[in-house]
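Comments concern the structure below.
Labels run A, B, C, D and E following the written order; every chain starts at residue 1.
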Amino acid sequence: MTNLLLLQLLNGLQFGVLLFLIAAGLTLVFGIMDFVNLAHGVIYMIGAYLVVTFAGLTGSYGLGLLLTLPATLLIGLVLEFLIFRHLYDRSHLDQVLATFGLVMVITEAVEIIWGAAPLTVSMPEALSGSVPLIGPLRYPVFRLAIIAAGLLTALGLWLVITRTRIGMRLRAGASNRAMLSALGVDVRRLFTVIFAFGAMLAGFAGAMVAPILAVDTGMGESVLILAFVVIVIGGIGSIKGAFAGALLVGVVDTVGRVFGPILLKAVMDPSAAAQAGRTLAPMLVYILMALILAIRPAGLFGQKT
Amino acid sequence: MLRVEGLQAGFGESLVLHGIDLHVDPGEVVTLLGRNGMGKTTTISTIFGLLPARAGRVSVGGTDLTRAAPHRRAQAGLGLVPEGRQIFPRLDVRENLVATARPGAWTLDRVLALFPRLGERAGHMGHQLSGGEQQMLAIGRALMTNPRLVVLDEATEGLAPLIRDEIWACLAALKAEGEAILIVDKNVDALTRLADRHVVIEKGRVVWTGSNAEMAASDAVKDRYLHV
Amino acid sequence: QEDDTLKIGVLLTLSGPAAVLGEMARDGFQQAADEIGEIGGMKTEIIIVDDEQKPDIAANKARELVERDGADIVVGPIFSNIAGAIVKPVTDAGAIVISPNAGPSNLAGAECNKAFFSVSYQNDQNHEVMGAYAKEQGFKNVFLIAPNYQAGQDSLAGFKHSYDGGLAGEVFTQLGQLDFSAELAQIAAAQPDAVFAFMPGGMGVNLVKQYRQAGLETIPFLSAFTVDESTLPAQQDAAVGFFSGTNWTPDLDNEANKAFVEGFEAKFGKVPASYAAHGYDAAKLIDAAVRAAGGTADKDALIAALETADFPSVRGDFAFGPNHFPVQDFYLAEVKKREDGQFATSVVKAIFDDYADTYASQCQMK
Amino acid sequence: MSPRLRNIAAIVIFGGFALLPLLAGMLGESFLIVIATRILAFAIAALALDLILGYGGMVSFGHAAYLGIGAYAVAILQRAGITDLGLHLLAAIVAAAPFALVTGAISLRTRGVYFIMITLAFAQMAYFFFVSLSAYGGDDGVTLAARSTLLGEPLLENDRVLFYVTLGLLLAIYLLALRITQSRFGRVLTGTRENPVRMQAIGYSPFRFQLTAYVISGCLAAVAGVMLANQTEFVSPALMNWHRSGELIVMVVLGGIGNLIGAVGGAVIALLLEEFLSRFSEHWPLFFGLILIGVVLASRDGVSGLIRRIGGAK
Amino acid sequence: MSLLEVQNLCKSYGALTVTDDVCLSVEEGELHAIIGPNGAGKTTLISQLSGQLPSNSGKVRFNGADITRLAMPQRVRRGLSRSFQITSILPAFSVLENVSTAVQAREGSSFRFFAPVASETALNDQARAALARVGLEGRAEVRAGSLSHGEKRQLELAIALATNPRLLLLDEPLAGTSGPEAERLIRVIGSLKGEVTVLLIEHDMDAVFALADRISVLVYGRLIATGTGEAIRADRQVRSAYLGEDA
């Protein structure tokens, strides 16, 4: 039982890191540049599709990943140039409308290009086994790699945002673009670069999860809401918050759906507990978010401005 | 240094500036005077490219920048202390100062020496500062871009008398170092001590311009346009 | 409405992640239609519509097909909840529904409808196949897993209907869940004799890949709608050796099936799934029935002709029960890698012979 | 939008709808009425959303929940043998109000994107509740035995009657909402959107006003749910999927926020586009998306903004 | 009994104590000024008095009643209003609507859903009167967000006046106004004497000495002196902390 709990905690951690990987780019663009980008999810999806294609062409997942990064960066640049740059000083709702449209366009385009059937890419040999943990329980190596990638991304982002001048300028530009440019910063270029970088992060996340998840046209959308939940729980604009939020969601979701019914059984009869558990399980994440926001209206690490 | 010719600008349908001409020579201190709502801030916004010019020309050091992006103008040597402070609320005090700094005589240490109060608040977020502290921060931030011409729009608003005196002293020192200054302020007395020339605008037009001496001599000007 | 034209509306999910199922059914139907030419010897007009997998939109599109476009027959849908939304408006308006996949229990039982035919199965049947297989193997503790929605609950009920051994666990996951590591850890801890999963679409791809990555492949994986030709291109090697309960596989040995599978693979470059087989059968069924009814789209005559189901099904034996659901054989199938490198399900053995669903007795056809 | 332009737009839209059955009759396209009824029902929901979104600055990403509550009110009452439309509407409102009151009271502790997400959370809870409601088909939903009755008669079975009843409701709700936004209450609501601290500093407690508006909006959206259930004759949780909530926001923003008639127009345009494009191409979302992007890039205020610009008015 | 009595009021942010054990009383009818260096805690004090910020400890009594726990709107309804140092208006409303919204707040129920408010002449007349008082009558129909900075400052005062307070807390009302406008506002504030009690924060010393009956000096969160203008001007501590020697 404790073994299982430990393992589930590890699973929760891993799922949380996975969510963070996806939410990282979103925090960057939304939390810090103050731009609501619903298309983040589809760029993540493109990353997954591209790695499938590139891995197929090169015969190696690693090479595929290396090609996917610049490709999604490029896609980010193009989208920024064509659409996003015209929307930075618009209301959030305008951004929602435009990026909602973009989601439709990209999803449909992906379906036209790659077809509707889910695709797959096999993971690199070296990372495909599993390591023994405790008792009969084992843990897949690739998931350890995801945890590592997520932690590195978190650390890197946190350093960039809080410790570099680029990070400062970004945060400054989010609240007052005009002032920042009047002080001599080329805000447009800054935003372009960061936006493309955010797209690359999304693409990276997509490429990283492609070996363990189905690559299909629904993958971006299902993850987008979760990613938003994560950054809202953590507090918008805080990398630390996004990280904490992701882990919290990962653990609560994973551990809660396994141990929740067990706990419920302690307080009600088994069939009612099973029913209640089934009803509550999908709500868990939302209940968590509602609770946190009810108590801390600006998320865990958010600041009220 | 800065030359503005026939500048027109406005918001939406309404034209606020109807052709402003002014210039600031290197090392010169020029004031922009006028009552509330006459277009001083609008003039400054247009000089910085934050508002598009509908007609006229803005040039810095001989280069025409009328159509240039704001950051190009700042890089050409303009530094802004905007009306209403506009510090970056989500950056702390130190970050506010260094985020846009450019190398030169003004360093973080020098600004903190000028405003010790900021040093005491160095780790605080911009939005946590008191009104006056924000004002100091806005001035310090502009200085740290090491401009050749500082433009101050009501930079002493909300400052305690002691600090205000320090600012005047500091501006005098800047002037002595050969820095050019364009300034909007309501303390006409202090301005007359500092400035070389004055430009008075009314309803978006320059209605009077003259040297400090001419201004001092002409009570009529003060009376008519400034009610001092 | 001109009487010499047969209008067939095809209402399937053609967008979103589940589009692959709709496309399969559409392609199968289209293939048969192309082979036949004039269906039932009548001038044929086929109108293909996307239901977006949204019941209310589907209801509108269905009415549009019948009331505006004058469809005599609507072939569709894929999903049961959409069947719930469209059957009443379509049949009220005087047209016939032929489902290439959805077979909800209410339409098989209490709410059976003269103008509704299922050419596929009743939803529970594939699960019952696996239950029966588990029982036959003498499994003592099976771990059940399905998404938490109506079809998921029905599937586990279906499995338990024919399985009477113990359960190592029964888990309902979230609809659209991505990561199954928590459930896989439970399975690893429980060490069951076998796992039974109902995990359609992308969820199934995730489960199967992660199942193998977690090193659980030594535990037999029984399933329905989880490993089939719509998901295998994504699951590939991960699914090889996994079992599935089904009424059809591409290698079913009969003439009609051979012709269908070869034709399909040649035309679309992929292995057909059962949705395609049902779509194909639907067209053949309509063709035979219209001919039998004497080349008219007259509703009553057509229903009578449909009931006889006198057409060469890719499943060999095929007949309708009194509730207009098929009576057919069911098989245990296993995923294999074919010699040409494609992945497909393959019959291991028959489990049920001429099997009718359990709801038929509740049907009082009016 | 200037009052004059708004009135013109309202007359064009409502007049157009009123004449639609005539036109449909002439074209022999009686099916148009069915589509139009659906559009009208969504327009009611969009209007309800605009009341709090455009005027109160409260972006609810959970309004589909109220559609669902309204629709399920019909399904549940019908099964209990109550078929009257009036009672269905009443039940929808009575059910929506406490849900809005409780979730609104909690949600209003937050602002901005946090508000968006917490309303989504509550809507998702409602969604999953109905998904697990096996008695009403769970995820599969239920088919209605018949449409609601009016004055004890099955008048709504006639598509035209249903259409005109829905149109009447929309018009009534539009006029009601218009009055609300121009009233004392509306002014406080709008003021709070602009600057809540300032409103408190002149003596208002914004919370009560925002919550009242939120409840009103929820109830109106539930009315839309009742009409939608009648139009489709089918009720399922899919109606309250977060996608729907998003589509409602899209309708409002597309039409232009904060002028009510924009929301109605947005619903009309979005649904017509979908209807038209999907007939013209299987890849219609591609074109739909491009049009949305185009509108945003061309105008700051959705289609209202475009019209204003073309009309040259202020 | 004083109109406002402040007892041992404290506010701190973490380790930073911003107002420290402040005791102060304001008499009915007087114009009481608070001066002090930047960051002394003046705005914070006003926010505590108006109920915008909760206090860590201490008491506020207004008109005999303890209002320490009341929220801002309730205090306003009892007659305690404030203006903001950093302009706070309703930018999308017209200037007139800004002020008449404030009139509406004290005029009774705002839960009226049907009657169009724009045509309530009683509200508009009172609003126009307040605008006329600060000299903005000519700008009544302009969108408040498009006023110049100085004009917004005038509007800020008009809104506060329109709530018809017994005690008005003014946070740097003159900041940003110049020349004739400033003179006018000084006159307006002076004319309030006898009508409304005023607690004024201002860095414009000419105005403070011209207007105030009594002056309190706040330095680093502590009140170091209270007295008449002359006494304060003479106070050595005040001169070195705030005024400078040549004041």
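Criterion: a residue touches a chain if its C-beta (ideal position, glycine included) is under 8 Å from a C-beta of that chain, and two chains touch if they have at least 3 such contacts.
Fair warning: this is a prediction, and the values are worked out from it, not measured in the lab.
Considering the contact criterion stated above, the chains in touch with subunit B and with subunit D alike are A, E. The minimal number of chain-to-chain contact steps leading from subunit B to subunit C is 2. Using mean Cα coordinates as chain centres, the one most removed from subunit D is B. The chain pair with the larger count of C-beta pairs in contact, out of A-C and C-D, is A-C.
Most remote chain with respect to subunit E, judged by CA-atom centres, is C. Centroid to centroid, with C-alpha atoms defining each point, subunit C and subunit E lie 74 Å apart. Distance from the subunit A centre to the subunit B centre is 44 Å, each centre being the mean of its Cα atoms.
Computed from the mean C-alpha positions, the centre of subunit B lies at a distance of 28 Å from the centre of subunit E. If each chain is reduced to the centroid of its CA atoms, subunit A and subunit D end up 31 Å from each other. For subunit B, the set of residues that touch two or more other chains is empty. Residue positions 15, 148, 175 of subunit C each touch two or more of the other chains. Touching chain pairs in this entry, ordered by label, are A-B, A-C, A-D, B-E, C-D, D-E. Listing the residues of subunit D that touch subunit E in their complex gives 179-180, 182-188, 190-191, 194-195, 197-205, 209, 212.
Residues of subunit A touching subunit B in their complex: 165, 168-169, 171-172, 174-176, 178-188, 237, 303, 305. Contact residues of subunit E toward subunit D in the complex are 50, 52, 71-74, 76-77, 81-82, 84, 88-93, 97, 101-102, 104-106, 109-118, 120, 159, 162-163. Note for the complex: subunit A touches subunit C at residues 3-4, 7-8, 11-12, 14-15, 18, 108, 111, 115-120, 122-123, 128-130, 135-138, 140, 142-143, 211-219, 222-223, 254-255, 257-258, 274, 278, 281-282. Taken together, the subunit D residues at the contact with subunit A in this complex read 53, 59, 106, 109-114, 117-118, 120-122, 124-125, 128-129, 131-132, 242, 246, 249-250, 253-254, 257, 283, 285-286, 288-293, 295-297, 300, 302.
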